[in-house]
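Next come the structures, one after another.
Both complexes shown next keep chain A, but they swap its partner, so chain B is in the first and chain C is in the second.
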Partner chain A sequence: MNAELLKIEGLSVTFRGARNDLYALRDVSFSIGGGEMVGIVGESGCGKSTLLAAVSRTLPASAKIDGRIVFEGTDLTALSETAMRQMRGRKIGTIVQNPMTALDPLFTIGNQIEEVLKHRAGAARESVGRLALDALQSVQIAAPKSRLKQYPHQLSGGMRQRVLIAMNACCRPKLLLADEPTTALDVTVQESILQLFQAIRHEQGASIILVTHDLGVVRKLCDRVLVMYAGRIVEQGQVPDVFDAPMHPYTRALVRSIPSGNDHPDELYAIPGQVPDLTRNIVGCAFAQRCEIATSRCHQHTPDLTGPDLRRVACWEQPRHD
Partner chain B sequence: MTDETTVVEFKGVTKRFKLPRAGFFGGSRCVTALDDVSFKVARGTTLGVVGESGSGKSTLARILLRLETPSAGTVEVVGQDLFALSLDELRALRRRVQAVFQDPYGSLNPRQRVGSIVVEPLVAQGQRDKLALRSRAQELLAMVGLPERALGQPVHEFSGGQRQRIAIARALSVKPELIVLDEPTSSLDVSIRAQILNILKTLQRELRISYVFIGHDLQTVRFMSTTLCVMYFGRIVEIGPAAEVFACPAHPYTGMLLRIARSRDAIVPAPVGEPPDPVTPPQGCAFRSRCQRATSVCETLEPPLRGVGGAHHYAACHNAGARVNSLAR
Partner chain C sequence: MAVVDTAFLRPRRRRRTDAPVVAALFCAVLVAWAIAAPLLMPFDPNAPNFESVLRPPFWEEDGSRAHLLGTDQLGRDILSRIMLGAQVSLLTAFVATVCAGTFGIALGIVGGYAGGLIDMALMRLVDTFLALPFILMALALVAALGAGLGNIIVVIALTNWARYARLVRSEVLSVKSRPFVDLAKVSGLSETAIVLRHILPNVLNSVLVLAVLDIARTIILESSLSFLGLGVQPPDVSWGLMLADGRNYMLVAWWLTALPGAFIALAVLSFNAVGEWAKRHFDPRGSVETAI
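== the complex of A and B ==
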């Protein structure tokens, strides 16, 4: 692994509510090396999107943030808004689930890419037209010249996501945050978008954090995976290790509950119960209520994320590594 | 003439949507969302429909619910011509056909209490006996695995998975013979998805309900389906017994979907391009622009659905034959 690019230490995010506070992230720590592709998986409400928003500092004002987010040696939580704006787009790119929310419906694709090139990538005024064309070509959009003159609504969902990736890639960010980038797309389009992520990483050496609920996408694309549950990381490790030999009961259950298509069971494995209420202070392991092997200790004490450097699990019922 | 075990029959159903004129002097344009679609669903079985956005699968569901009127063709539901029914007859039919939609946030009134939601179809059918309604509501919640106390709670207190259970309970209230499921688990998390799919399967076994299950995830649709129908660009490109279509896909598009679904560790090399523009449909086979095996005949002649291999297995491909088996590997 290359030098550390992003290090998150003891990050907690609490959303202040009128009636009660919501503890979205609870003491999350991990780091990402240069050029590394890391997947974050978990169900809705597990905190994976909050984590990305914390890194890009786009959380709403009601969020209270504790802990440190160190990017290239700078603590992002301590940065001024002006300085942070310099980071966004230039060094830290973002790709969202619905590209329509990131593209302006009133401007042509060409306008928007040129704007990014001029103001963020620092390209010279006379070269932006050619660079915009190159950008569209690099994400394999057919007939890029005519596409530049079109508006976002004239493009398909997959095409819009390509445009968004092109806009991000032309700034050559060090870190790309992708929040469910392929969830809204058809499977055949999804594969080609995943290829673009691979290309950006190989050609520009960018680190990518990919948040998704689709384990299949992480398996195909990422080096490392973090599994989150109720605001905490419960397991992390290299992709093949985690998927082929999951250690945390939650990861095991997730992997089991996907229909494989090859064997054809009468019933799918389903995790009983549901995610805990995040407005409460959870005592013990958050998964204990749904866990098949939980003991009384699990209900009373929260297990730490422990293990050898890259392979860690937060479960009392696992072999300890300390 | 439909026999007794057929619950749904589509015969040559076509749906065209008219588009606004392209400019003041432009001619009228239209999009063919569904093109000559025919199939049957037998009682107690599931027809799974897969396809990309724009393939016509949701139009199919909307026609089946009589939310759209086909431009051509007929639809028979439990032996009755769906579009020849009077309003009274249609109301009677609604007892036998229900629907569950993708978004449980949009399809349930957040302020309404669960107890009144799940029996609403019964009330619409004229049931007024409060006690009977209440005990039916309790029964329905038990069937979908929700606690009895949920009866008095408003919908906004429930999660997506729980809401989808409520939507299923509502559909079950009138003891329908057919439920149209339009991407019922697409907005749910994996662990919750498995719960909902299991509930649907159990209910089908116990109550002999037929399903038309629409989805884009091949694995999920396969898990549910007896018959699998693959759609592309408004047409059925392959239809047959689910196990057989999975084992030997005859259409290159099905083969492509299967390769993607089966490849766990590697990205499947991108299929070139996207589906063609529906306003200016191509001549010949609509899939040929993305097909590696396309020949000159594919450019001129639209391939008809014809039998391939096993019984009731049809594909619309000029090159379809038993040998395409290798495509899925």
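== the complex of A and C ==
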């Protein structure tokens, strides 16, 4: 693994509300090396997307951010908006969740890729046409030449996601933030889209943070995985370790919920209960109420994320390393 | 024999187009006329000819082939005056609409995109302008600025910009929350670039619809002001001015008022018909309807 690219230290994000504040992220710390692909999993509302938005600094104005987000040695939280804008697109790429609506309906695909090439990748005016075609070819879109002249509504969801990936890839970002890039897509095209991420990573050496609900995808593509629950990281480690020997009861339950495909259980496993209300100040372990092995300590004290460097867990019922 | 009537499955004959072809043609002819008026006019519209005053149009008993639509009390050719009047009326309408539109779009975008206090202040200003009666405000402004072609354009622009601002602001609010704007932001585009390249093109559709409808309104406003003597001043000619000039002779020479009146009515009707058609086609969600 290469040198550290992104280091997040003690990141907390609070959304200020009219009645009560919402604690979206609480004291999140982790780091990502160059060329590494890290998966972030967890159920809806556990802070995955907030984490990505905090890194690209696109949180709404009501968000209060504490902690440090250090990217290539600079603290992004301290950057001016102008300096941050230079980061976005050029160094930190973002793949949005819903490719169906992420392209401007009034302009052709070619127009929009050329816009990125001209203004972000700094390509010369004469060469943008050829570069746009190259970009589309690199994401293996069918009939790339005619696509350049088409409008977004003429493309399928999978093709639009390829276009978005092409727009990102042509800036050769160091870090790519992918927020559920395949959720809105047909299962049959998911696989090929995910392979594009692999390609970007191997050819351009980009680090990728992949937020997903699909544990199978993480297992197949990622080096490391962070498991989030109620705004905190509850477990992290190398993919094989976490999946083969999950330590946190939440991770265990998640892994158990993956339909195996071999046997045919009458019922799919689901974790009982719901994610706790994030507007309350949670006392103790956030998962305690849904946990099968929770003790009274779990309800009273919040466990820290501890463990040897790359394999950490926040659970009182695991061997402590402090 | 079919049990169920499947007639609805068969291809239906193409329905007649709902495009107002005649109205659009009339608008086109008017515009062409207005542009080419100085070349096409048979007479100098301001040259009196006391040998043939109050001549009726050619189809009347006394009419002459030389003055197809007759002459007025000073013997000026009505057809030439209507043609030059078309130029003044349409020019005023177009320029005033473009000015009002530009100003309204600018303020609407600022308000909608910035939000917060700026938005509130701008929208209260818009409310104020919309609450004032149209003609009354125009009269007050003309009184302050003075009559004349240039001022009339300023006055009409000032009375019309508010509706553009309100329409654009509401459109910007919906466009700016669409994902492609987020994408532009995370791709590192500046706010100005986002507004100019993505938000503005997406709101222009409904603005154009409103602008076509506004041309009709503006023609009426200009005619009214000119009729009241507060608009276009002689030697310029406008349809409203012709109405005012001819109204003392209404009982003896109907063509002095009826003909320019008919042109005002037809022009307004045609631009309205085209505007309504454009509204159905380019603004199916009815944002123009709700904004004005």
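The definition used in the following text is that the second predicted complex is superposed on the first by the 320 of 322 C-alpha atoms of A that agree within 3 Å, B and C clash if a C-alpha of one lies under 4 Å from a C-alpha of the other, contacts with A are read in each partner's own complex, and residues count from 1 in each chain.
Methods note: contacts are C-beta pairs under 8 Å (C-beta built on N, C-alpha and C of every residue); 3 or more make two chains touch, one makes a residue touch a chain.
Every value quoted in this text rests on a predicted model; they were computed, and no experiment measured them.
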Put the two structures on top of each other at chain A: do chain B and chain C fit, or clash?
fit
Scan A:Ala3 for contacts with chain B and chain C and give back first, second, both or neither.
neither
Please work out whether A:Ala18 is in contact with chain B alone, chain C alone, both, or neither, and reply first, second, both or neither.
neither
Tell me the contact category for A:Ala124 with respect to chain B and chain C: first, second, both or neither.
neither
Regarding the shared-chain residue A:Leu215, is it in contact with chain B (first), chain C (second), both, or neither?
first
So which one touches more of the residues on chain A, chain B or chain C?
B
For A:Ser56 in the superposed arrangement: first (chain B), second (chain C), both or neither?
second
Once the shared chain is lined up, is A:Ala143 touching chain B (first), chain C (second), both, or neither of them?
neither
Please work out whether A:Asn98 is in contact with chain B alone, chain C alone, both, or neither, and reply first, second, both or neither.
second
Once superposed, chain B sits from chain C at a minimum Cα distance (Å) of 7
Where on chain A do the contacts with chain B and the contacts with chain C coincide?
none
Enumerate the contact residues on chain C facing chain A in the complex.
178-180, 182-190, 193, 197-198, 201-202
Using the touch rule from the top, collect the residues of chain B that touch chain A in their complex.
52-53, 159-162, 189-195, 197-198, 201, 216-220, 222-223, 243, 246, 256-257, 260-271, 273-274
For the chain A and chain C complex, residues of the former touching the latter:
56, 58, 85-90, 94, 96, 98, 101-107, 115-116, 119-120, 164, 167
Could you please specify the touching residues of chain A with respect to chain B in the complex?
43-44, 140, 142, 156-159, 186-192, 194-195, 198, 213, 215-216, 219-221, 240, 253-254, 257-262, 264-271, 274-275
